[in-house]
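Next come the structures, one after another.
Each of the next two complexes has subunit A plus one more chain, namely subunit B in the first and subunit C in the second.
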Partner chain A sequence: MDVQQLAFEKTVNVFINSLSNYFLKLTKKPIKTYAPFVKEPEDLIMKECTGMIGISGNKKGLIYISGDMGMFEDLIKQYVGLNSPTANDMLDMAGEVSNVVAGNVRETYGHEFMISIPVVFKGTPDRLKFPDDVPIYVIPMSWNGHEAFMVVGIK
Partner chain B sequence: MSARAKNFKTHNLPSLSISKNENKKSSQREISDHSLDNYFSTFPSEEDLDRAFGNAYVLNQPVNGVGGDGFWQGTKGDCSFLIVFDCMGHGRFAAMMTRFYIRIIHEIVVNRNISKPDEILNGIHQQVKEEFKNQDAKHVGTGADIGVLVFDRKQHKMTFSGAGMDLVVSSERNFERIKGERKQVGQYFEVERSYQSHVIEITKRNIWQRYYLFSDGVTDLFGGPKGKKLGFNKLSEILKDGLKYELSEEKKYVENALSHWAGSNEPLDDLLIIGLSLR
Partner chain C sequence: MKLLIVDDSSMMRTTIENHLQNYDLQIVGKASNGEEALQMVIDKKPDVVTLDITMPKMDGIQCLEEIMAVAPQTKVMIITALSDKYTGLEALKKGAREYLYKPVTPEDLKEGFDSLLNRN
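Now for the complex of A and B:
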């Protein structure tokens, strides 16, 4: 394994730790993560609801967290206490999760690691064009019976 | 979508785009941020407020793209309602609470047909208590500062009640701050509270006066030569100076004045100010 690959996997681990810590803090229920894999160009790893953050500065790329509406609904019920969250609430929850996960990673890499305001969207676009010079890792996860993905592409 | 939402830049995502196949012809489109659309489209437009009151502007600047400041407008018979609220916190959790408050305000004013401002505040407080009573795990603040303004065009009067929010009335002859109660709604349910209604008779002499409701993000805006909060006195100066302009132009003046005050200081709180006049 080359040095670049090692550095990338170290970065991905920082994101996994951030994701695990945030879910644990929100809900007291740990997430389960599965073996990361490299996204093939034709793969579209996206579920019903997605929160995405752009990264610039000393690292460049993106991270998104994508899950079904039910996962974000459960998160809202458990953390916010709203009994009947709307689809818009779930989109906001997706944005908040991605924002905090990326924000906590920033603590590791400092102020030169800059993150955008989260962009959220519902559904799957026909095709998502990723930058082709960035390795894209997919980290499958599950929480409270829901499956989701964290996708990280950074150089 | 508001002008601010339209102008919002999804920066730092330059290398990412969604291709959408339409009629087998691929066309690139930028990712749109649904949460921004959702947040700004939750609230009435300035045109809605114009129709209800005569003339109005809205300056809504959430600190994180979306936020916890919001407003509701409705009309029942001869009465037009403007309810401005400032939910606790910022960002997306606060934006969720704005939608929650919009829903319960609609429930109270429209479905339960409650029209008196003080009763609307009590109704909102009780409804929040009811909806969160079994939630021992909530971590997001449920409280809000609220100002309720009701214009009765038949009775020629404006009625205001505030919970942690004041009303400013401004004209060439008069500048007045009508204080709301200091107790916000939606939290500390063990504390007894009551809200008072203040009535302003509308006459030929005061029909030109302007009314302002604003979140505390406005007076808490840091800046100026000493890096202090704007405060109510400075806001008063800005609003008094704003009388030189038509209300439609005053918005730009107030926006520039607040921006000038803040300078390079990043806003720490969402900022909402609504100005209206009956002419």
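Now for the complex of A and C:
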């Protein structure tokens, strides 16, 4: 494994820790993550509901958190206390999860690690943007019976 | 006591409202960006503002500066995902009274709010 790949995998672990902390702290239920794998952007198939954050400053790239509506519905019921969330509420929650996961990474990378406001979408868009020459890691996860994944493409 | 809730996530606005229900509060508005928030501060004169930082149009740090310029008595509690110390210190220097890192639990919110209300 070369030095660049090792550094990238350390970055991926920082995001995994942030994602784990989010669900455990708010729901008292841990996530389970599975072995990350590399994927080309054109081969990515997103789930029903995705939140995306752009990264700039001392790192450049994007992260996506993608899950089925049911996962975000469950999270809203447990955390927000809303019993009948709408599809827009679930998309908003996907954006908020991605915002918090990316924002918490500043504890490691400092204030020069800049994050965008969330962009949310349903299904797989025509084109997913990533910086050139960046390995794109897909980190599968499950939480409370729901399967989801986080995609990290950062340099 | 009049409260304004500012966050670009509608789910976070609802969360904050639901988790502060036990306080004697009148929610005078909810805003999804700094521009809306500033206008509501001018129009509705809240005593307390919960303020996110990463928002469209005007971010929370700029909004905080503008609030302190027009209504310096307002008690502002920052609630943000930005967990670096620099941003927290910057917000406190600019007039925020409390700074909470997301993800915030109901207990975090109550603790932060109690601390905010008990300060002079």
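In this text, the second predicted complex is superposed on the first by the 146 of 155 C-alpha atoms of A that agree within 3 Å, B and C clash if a C-alpha of one lies under 4 Å from a C-alpha of the other, contacts with A are read in each partner's own complex, and residues count from 1 in each chain.
Here is the rule we go by: contacts are C-beta pairs under 8 Å (C-beta built on N, C-alpha and C of every residue); 3 or more make two chains touch, one makes a residue touch a chain.
The shown structure was predicted, so the numbers you read here are calculated from the model rather than taken from an experiment.
Using the contact criterion defined above for the overlaid structures, shared-chain residue A:Ile76 touches subunit B and also reaches subunit C.
More residues of subunit A are touched by B (comparison of subunit B with subunit C). Of the two partner chains, neither subunit B nor subunit C is touched by A:Pro140.
Of the two partner chains, subunit C is the only one that A:Glu107 touches; subunit B does not reach it. By the touch criterion defined above, A:Asn21 reaches subunit C but does not reach subunit B.
Looking at the shared chain after the overlay, A:Met52 reaches subunit B, while subunit C stays out of its contact range.
In the superposition on chain A, contact of A:Ile115 is made with both subunit B and subunit C. Shared-chain residue A:Phe130: touches subunit B; no touch with subunit C. In the superposed model, A:Met93 lies in contact with both subunit B and subunit C. Where the contact sets of subunit A with subunit B and with subunit C meet, they give residues 26, 76, 79-82, 85, 88-89, 92-93, 95-96, 99, 115-118.
Within the complex formed with subunit C, the subunit A residues making contact are 21-22, 25-26, 76, 79-82, 85, 88-89, 92-93, 95-96, 99-100, 102-104, 106-107, 110-111, 113, 115-118.
Those residues of subunit C that touch subunit A in the shared complex are 8-12, 14-15, 18-19, 54-56, 80-84, 86-87, 101-103, 105. Per the touch definition, subunit A reaches subunit B in the complex via residues 26, 52, 54-56, 60, 62, 76, 78-83, 85-86, 88-89, 91-93, 95-96, 99, 114-122, 125-131, 134.
Of all residues in subunit B, those touching subunit A in their complex are 10-21, 26, 28, 31-35, 38, 42, 64-66, 91-93, 95-96, 99-100, 131-132, 135, 137-140, 142.
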